[in-house]
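Here subunit A shows up in two complexes: once beside subunit B, once beside subunit C.
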Partner chain A sequence: MTVALAARGLGKRYGRRWALSGCTLEVPAGHVAGLVGPNGAGKTTLLQLAVGLIEPSAGSIAVLGEEVAATPAQLARVGFVAQDTPLYASLSVADHLRLGAALNPRWDAALAQARCARIGLDRAQRAGTLSGGQRAQLALTLAIAKRPELLVLDEPVASLDPLARREFLQALMEFTAEHTVSVLLSSHLVADLERVCDHLILLAEGHVQLSGEVDELLASHRRLSGPRRDSARLPSSQQVVEETHTDRQSTLLIRTKEPVIDPAWTVEEVSLEDIVLAYMGRPAGDPELVKVGQ
Partner chain B sequence: MIEFHLDSRSGVSPYLQLVHQVRHALRLGLLREGDQLPTVKDVVARLAINPNTVLKAYRELEHAGLVAARPGVGTFVTGSSLADPALAAHGPLRRELRGWMVKARRAGLDEESIEALFRDAVRSARIEGVA
Partner chain C sequence: MIWVAWRQFRTQALITLGLLVAFAVLVLVTGLHLRDVYSSLGGIHCSPDEACTAPHVPGLDKPLTSLLGPTLLAIPALLGMFWGAPLVPRELESGTHRLAWTQSITRRRWLSIRVALVGVSALVVAGLASWLVSWWFAPLDAVNLNRFDPSVFTERGTVAIGYAGFAFALGVATGTLTRRTLPAMAATLLGFIAARIAFTLLVRPHLLASRHVLYALTRGQDVGFVGNPTSTTIVAGPPMIPNAWALSAVLVDRAHHSLNPAQLHDLLARVCPAIATGLPANPGAGATKTQAGSLAGGDFLTCLHALSRHLQLLVAYQPSSRYWPLQALETAIFLAAALALIGATVWGAGRRIARKPAAAPRAAHPA
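What follows is the complex of A and B.
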């Protein structure tokens, strides 16, 4: 299995509005892919299409090499943690685990028990009385104890405090270290994703703006600042992502595979957050710049 | 055993930060031949970081001949190829740099100007190396 998720010309329309359109992307298996973008960019729509909760209005989407379909066989291979980690408020922790065992053919009871013990969840406690962090951890436990090959999480840490957020991501990363699994998670906070993701997909206004490996994104972008210069006069190996000029100075964010040797520029490395923000401001889905690492 | 840390604002990819930290520790003699690097699982648990990132860093260090993986046991520092000659050279170079700093201060440069000048010199040297 080499591809965790593949979309081709994928689109979803609600009434007259396209929540997602012309989405073509591929996420290799064995990676932790981060889906970023502003609110309303189509992140949740893409994730719901990936797990078969909704059907595409255009194009196609496949997970783990198979067209998405809500068949029992495929559902067993995909784990999903929806936004706000929904649980049954009146059921206890133990009830949730029993439910998981009854509903999932590959349920790993030992893993579920071990994780509950480690987080310090009281098995008799009702889910409705758990803290936000505990609730998220229980939802994650249920999703990973079904032993999915692809784990999809929609904004799993958005509502958590920084400590609970770190603990959640630690648990998620430990799981990926111990088991062969692909992960796709969305967030509007790039800083959360920088450590945990090795692949990044940027959505804005229903389009894919950027998709590639995090290391490659960081290695191929630089900020140049120096005396004012027309960006059309840059070498052809340097693509301008973002530019600002004052009457004396130019500041450019460029993508290049070669070192910048022009001594007039001060060259700086750029954080993932800066890269994401620069691409967000670009016109929708500039095809020349979408894919990194080709 | 060394402990890794990550700076998310640096623009340097996390795997390179891990590589740099090991090289740095070797250079300063904090890591010596036979020392074990933290296991991938330990690093993942401590930093909440992607396991592929740690594996990539360890592979690169292995490729450079600085560490070797013993399957099922862990990753160990092999030679002190970075440490010995580099460490020996540290002392004199540091003394020269101190002397230069004194001159720079006397010329009226503050810390920010000194750092800017130093960075600029490092960069020019690198450019000359490339060109």
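What follows is the complex of A and C.
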């Protein structure tokens, strides 16, 4: 399997503050990978490194097996929708499409036209007067009509209302269904990602906390609740991600590959959001727990 | 990319074109009127030794003579501030660099093409404006014969093109370094003014080796005597040479050797003792300068003529024929500096431009 994005010891420093550090990560190609983490976790930094808008201070990053943004050919393979979907306010929708056609050798004019028609964008309207949802749709159109092999989206729906958010993700899903493309999508809301992603990367405080396929994450995590018990006395196949204790009761979120058979526990399945929140609270980058599915 | 560069430049280009057309109409209408007035009064007459006479037209030097030159001086600075400085920061400030630089074009190429289009336009604008102003002033310059005067030299000919190129390049470079429009505009203005002053004072006088010519002492300007409590000496400025640029004048003896203050004092004491001792030697009053008029006029002139048998003025100057070589050289130097700035900026662009992550205004995120 090819690799969409591979980072090794990747770090980015602004002044004395590391926005991202020690980030080692592989995003397999052919997936819709979600990058999740709280605000300030380094998501934007990681994605901007991935599209070459900024340079790493430490480590290395390769996208689709090549150095980032080094050549026009590499730039052509990666589509990017930046946070807040920047567009030229004084340029019309048609101008933006012409810009995309002029700057991208693999530009798919028919796809761009069809999408604009479907969204109902007035080609003569200036981008500055579009609604937030329309802006995001136009930005997505520019990125996908480029016919990239990897589509990178930085919180594309963060500023959209729920309806526009659903329409945007719908459009994204249609595109990934019709074309062979890898997607790396960030959000601070797990709910956005749950619907569209099959791979999840959790970033917190500049470190990768968790990385794996969504199905495996869901299959390998359970919530146990029962009489109070010391978590050190669990079987070695069960790793504790998060634990809370009251006087009488213990609630644990564990990771295990085997079924839990202890009758003292009530075993529940957990949602992706539960898993993400549990890992988010853990100390930075516990190496034993980062990778799932190997 | 050329279409993209043009589309982003279009509004500014059209505004500037409008201003330039208005400027051209003003210059052509008043310039033709100026020529009419001159010819109706008998025109300009030049004798073989370049001394020209023209009818005096009262009020002709107002107000355009004092407006057109400064306008031409301001144009390069304005081009640098409004075309050069915002070129990169405006993208960063609006966040659109994240759109532009993730298309299938390298950042260097993107910057090169935009800079080439806007930069060449800046040269054309400055060239046209300078041509208009030079044409307007031609009849006046033919009379004034002061083409090397700094305010005249820099407001005619080709140098404005060099200035415009340099100011534009400085704008692009400071904009790319500061990544913010307003500081870049301020830095461009200050840097451009500093470069122009430094060039006028320090570089232009040494661009070409000067020629030398001997003049009689009496031809000098501001000839006089300077006395202080211990000695008295002679001072003289270079004479007026039509359309030439007199750089300096040195007092030399008949053997063409320059004289130091002590020797001048001795000579003065020998040739005109009345003046050497006659200057008020006020202790503590500093230097006193005496010129014709303040001393008994007869004494002064007698002394001057007596001195001119011993002293001459060795004048270093640029002849009129050096005007276009100096214009071309100054234009070329400013353009070369512009190219160097642009080259360094484009070369460094891939690395430096976007050090910070998108500083775009963040919309409030719904919870």
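By definition in this document, the second predicted complex is superposed on the first by the 291 of 294 C-alpha atoms of A that agree within 3 Å, B and C clash if a C-alpha of one lies under 4 Å from a C-alpha of the other, contacts with A are read in each partner's own complex, and residues count from 1 in each chain.
Just so we're on the same page, a residue touches a chain if its C-beta (ideal position, glycine included) is under 8 Å from a C-beta of that chain, and two chains touch if they have at least 3 such contacts.
Everything quoted here is computed from the prediction, not taken from an experiment.
Asker: With the two complexes overlaid on their shared chain, look at subunit A and say whether subunit B and subunit C clash or fit.
Answerer: fit
Asker: Draw lines from the C-alpha centre of subunit A to the C-alpha centres of subunit B and subunit C: what angle do they form, to the nearest 10°?
Answerer: 160
Asker: Is A:Ala89 touching the first partner subunit B, the second partner subunit C, both, or neither of them?
Answerer: second
Asker: According to the stated criteria, A:Leu277 is in contact with first (subunit B), second (subunit C), both, or neither; which is it?
Answerer: It touches nothing on subunit B or subunit C.
Asker: According to the stated criteria, A:Val32 is in contact with first (subunit B), second (subunit C), both, or neither; which is it?
Answerer: So A:Val32 only meets subunit B here.
Asker: Return first, second, both or neither, reflecting whether A:Lys146 touches subunit B, subunit C, both chains, or no partner chain.
Answerer: Once the two structures are laid over each other on A, A:Lys146 reaches subunit C alone.
Asker: If you stack the two complexes on chain A, which partner ends up touching A:Ile119: first (subunit B), second (subunit C), both, or neither?
Answerer: neither
Asker: According to the stated criteria, A:Arg98 is in contact with first (subunit B), second (subunit C), both, or neither; which is it?
Answerer: Once the two structures are laid over each other on A, A:Arg98 reaches subunit C alone.
Asker: Closest Cα approach between subunit B and subunit C after superposing, in Å?
Answerer: After superposing on chain A, subunit B and subunit C come no closer than 17 Å at C-alpha.
Asker: So in the complex, which bits of subunit A are touching subunit C?
Answerer: 14, 19, 39, 44-45, 48, 51-55, 69, 71-73, 75-76, 78-80, 82-84, 86-91, 95, 98-100, 102-106, 132, 139, 142, 146, 155, 158-159, 161, 188
Asker: So in the complex, the part of subunit C that touches subunit A is made up of which residues?
Answerer: Within the complex, subunit C touches subunit A at residues 1, 3-4, 7-8, 11, 94-99, 101-107, 109, 351, 354-358, 360-366.
Asker: In the complex, go through subunit A and note every residue touching subunit B.
Answerer: By the definition above, subunit A touches subunit B via 30-32, 166, 169-170, 173-174, 176-178, 191, 194-198, 214-215, 218-219, 259, 261, 263, 267-271, 274.
Asker: Could you please specify the touching residues of subunit B with respect to subunit A in the complex?
Answerer: It comes out as residues 6, 8-16, 40-41, 44-45, 47-53, 56, 123-124, 127, 130-131.
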